[in-house]
């Protein structure tokens, strides 16, 4: 038997952009006894979480909950709406956009990968004008869907989804809009209905603060229509039967009961704090984090301030330093996990997660660990990021008058 | 916020044939903090559970663990090995065999459904001679796979898988053998390698005593070969990349970390008790349960004593009684959940689960609840099943000599 | 490191008359993070549990909660009200009454032990007329307190406390009335105010369904007055400072925060079910248990049906059998813990707890284990207690009409 | 029902000098099902924790574990060894020493309170020469015990206990040496046997990282001898019966089973890390904390560097500022609890706990919260304590050479 308490004394800091730290409240909720998923209590639970999750997606339309991790929800979005050989326009925002494209290929679709050249495309959000331009050329409507990533977890860029909707509409193109906000949901503002998204894909282990294991498809009427004629084989992922049975709070096959308990608790936490407060908290922490990176004299991976992510910040490491070696120094000295550089960015950056169960002091712990680790690793810093972050955080607080006498 | 503690005072008895009651030990293990699935500790955990689960399947070959519930593993078995339009020979043992067939159709396969006529087929195990006969006729080897259910959860019949293997071999047929032992694994003896199974499908929420949410494909070399040429689209379910990354204890996408903690604990419990002891315990409880049913004068759904299930017992209700109404009486009076009759058996039977976290006294509680509920519901019983079960259980114990003086 | 999961596969049945099985809900509540016991949240928690516990004692007067197990609350009742050398009239109901008397001696008091002769006193409740008689003789009022046990855990006798109050009043005696209901509270009806009790002693690990570790003194105005002049040294147990600080929800020293979380949950469970429903449930289970004992042809330890305990039932074992050897047979064969015979009853009886987290099916499991164990041990039973208990339980349920057609 | 999850989003920082943050591991261990404290498994648990706790006290002699919080263990030390009217020499190190003295008075002892005058005594450790001097004058050996606090939680001073032993010996005085290390144990080095302590008092909620609820008396042979003739009444606290029953791993009355599970886990964590490593970690964090305080230009409450506490650091607030108002600013803005100034120090200091489940990053979070809060509150800081602490922490780490090319 392996010992599952892996870490040294004191609290481990899990500061990757997901899985994010699971709050005690959610772990506790997950320990309720598993019940009969065909029994009367289950229906009450099912209806409750199905209603609550719609508020998080800001939708009045169905949200399908899968007993599977996020990659499955990607597959579900594609197989429910498309047919073998369909052309899909996918935008390259980074590593996860690339993996989704790879999946589309594996499923027999023909993805066309659009984006700015080289690394540059990974440092900026979706360029909606490129999408519009491409769709205008597609007079025959070969393109069946436009796929974009809302919050690119590999870089720290949060794209403007409304602008993509506008681009599709401006081009007068009937393509579906499929959006991955696996790492954006419940951390960054997201509006499934208002933005006219057809399928939104998300997962549990980021802003929802759950362990991995359940994932989501929020779907539009148009997407449901498409699912009726799409030809990719679908069974486990098929929306129809799930949505039908969800009407009474049940699923056609065994759901992930204990993670639904966790979802129930997460909804209570997030809606209790208020979605807007949750977003503001993420924005506040993200800004303080960026102030720190800038004070260090390091470059933020996202090159366009308009699309900085509130979820994570990518930090470019100076030439001559391997980012993963620095991460190792930090891990070994300060018991903190940071995200690695992925794909094209391998070795050249690390990622700081500041999402979900996060507040000012966990951010300060995180930035302290980074600053000390960078120094230990021999990186010359321009100044104290920790100081800059503290200045930034305190500047936003009201100052009480305390001095007496 | 919904209250998640649904039940009245005292312990709820979850006696359905899965999800089975999750032991405290496993719930506790599932509450370990979620870790970075790309970090060094995760690899150790991954290697540990991957090695352990092989012992449960009695295989030296790869076992793929999916972060998805059992229905997904059904899909995985089919999509990894087959191509659109392939003929598969599926044996009708009951409701779950029927659902698997329905899935094969949805995925574009051509299932041929074999079995005894009418309800009879649901009351007996797989008739291997019928399979052999059918395969002998398939001289052109159109049939690409034979699919059977080991432990049919809808009825309580545990088929003889070795006989199916022999039938295929006797027919000299190259078809793959795909077996569902979702509800059999870790409760009934199962031998993936010895029985020459190509893909074994299983899930977490039965004999493994976990909540639903992870599922399995144990695969043979022949199955892996087949996966290289099979044409059904596959991405999330694709074996190749998973098996490749499993070599170091990782997964290509986010695994269900906290359920893997639970699996780690379940392996420790099951292998600690000893697989053979686990099987013997299930057999002992199942026999006592059947003695009870017989004493009540009710019929056991499984009509062939050779294939009685050690996992659950199906109880036929007398004419004039709706089994679900009886279940409701039991649920409301004794806070116990029993399995409903499914498909062809709807209303005519209920199912008693005696698997996983089960012992003599939980069985006696269960049988007492059934006996009292049947009486309350007005069913005339021939005798006391509870008494018969106690007699049966005590007959197997050694009798100490205690009388003094 | 010891493995703390001591038991074999399946659920252990803890059927001793306390500690009683702790519900999952309470264990979960106990896992909330420990907070600053001087911080603002603590006060809210403190006020909440202090208000709730009064309802359980049926009192409007202070209930002192100690961060100590029940024996400490015995000591507190004595040291707060009495002075060295004081005479106290203690009634011998059984082993725990005897231990309390032993404690009084250790503290320098002069206990006078009243009761029926021999074993007989242990089989009947407090005889109030003996108390009245004795007090009438004490014209000099040397007796400062009358001490009785409400629910004698060693035997299964629940005495009539109101009759003791009447006896004291009838004698016109000023002695304080101190009552131990450690194992009675929240299982058997108890009325601190209505019965005119001066100090009621209780603990957490019985009807409150908590682990051991907190205990109680409910106190009357007269008791508080007595505490002001009593001379036994008191610091940790001293009421004054605790009651004073409790006004705002705090304690003078560090309270047992996590058990107070558990108490909060227990109050929610008990008051949610309704105290009267809780008592009725205990009465129902106790009666069914006694029917079983009678059907076995064994003798119930409590010889007076008017004072049968709803909390536990003492079972006399036939001559020639050592009760502890039988308990061992049951423990080893059925993984169930029963209470041993204590003091005068050592070897001649065992005790079945049916309190707290108990319902019909846990009782049936318990009785099945006893019946099978008794048979294995060679005890000749007159009939099936399990059958008798089932008959008793079903007789109290409404019978639905289910037969169709 | 009150909601027990009191805190806003993100992790609360409980940085008081106890109760210290309880690690998940311990909360999980505390959720094992309560067992029969008279059953066979309990003895194994009892023996295990009784053996382990001796290592923490560095003693071969008995350690008595009480199911009561720390104040009870103070009382136990006094009542077991002393008689009414006995003179005890108690040293005034701070608020807790004062409370212990108050308790001695309440119990009918005659404490003589020794110490440096005014606030000065609260800022320095025990002056052993004063003790020696006083004992030399006590030629009639009226003084029966010398009572000192090892780690004074109200100030952050860790006294030299060995020097007290030497002083007593030098004076050739037979007084017992009673030491309170409630907040020192398992954080600061402590040697019950080597230092010749007669009774060491400790509790669970500090270095042992448990919730409050169990407490300890480590006792010498001389103390046990004294207990045989001491006249203070004792029952619950009495050592004799407990030590006797502990021989087989049991207690005379109901122990706090679930906290003993927690103790079992705590022992595994602490002895697993190694006591010396635990102490070194505390020293490292304490030094970094003091560097921060100094950099802020604030005064450390402990005026003698030789006795700085590794457990907590007292920070003096500048004239004109109420320390509790600053604590409130920090609590409300940064969700962090700090210790208040107690007794003579009320309003003039706050206390930072850095004990138990603590590491570099939790300390940095803590110091960041203090620094930001002090600034918000309008305190002029001389420099960045956070920077100083980071410099201090990194200076102690080995610097890897990472630069490539």
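Going in written order, the chains are labelled A, B, C and D, and every chain counts its residues from 1.
Everything below uses one rule, namely that a contact is a pair of C-beta atoms (placed from the backbone, for glycine too) under 8 Å apart; a residue touches a chain by one contact, two chains touch by 3 or more.
Remember, predicted model here, so these are calculated numbers, not experimental data.
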item	value
Co-neighbours of chain D and chain A - touch as defined	B, C
Label of the chain whose CA centroid is most distant from the centroid of chain D	B
Whole-Å gap between the CA centroids of chain C and chain D	35
CA centroid of chain B to CA centroid of chain D, Å	54
Multi-chain contact residues (two or more partners), chain C	5, 21, 24, 28, 31-33
Chain-level touch network, classified as line, ring, star, complete or other	complete
Contact set on chain D toward chain B in their complex	24, 28, 31-33
Partner chain B, residues of chain C touching it in the complex	5, 8-11, 13, 21, 23-25, 269, 273, 278, 281, 320-322, 325-326, 329, 333-336, 357-362, 364-366, 368-369, 371-372, 375-378, 384, 386-387, 390, 393-394, 397, 399-405
Interface residues, chain D side, partner chain C - complex	1-2, 4-7, 12, 14, 16, 19, 21-22, 27-39, 41, 44-45, 48, 66-72, 74-75, 79, 84, 103, 106-108, 203, 205, 211-213, 232-236, 238, 253-259, 261, 264, 268, 331, 337, 340
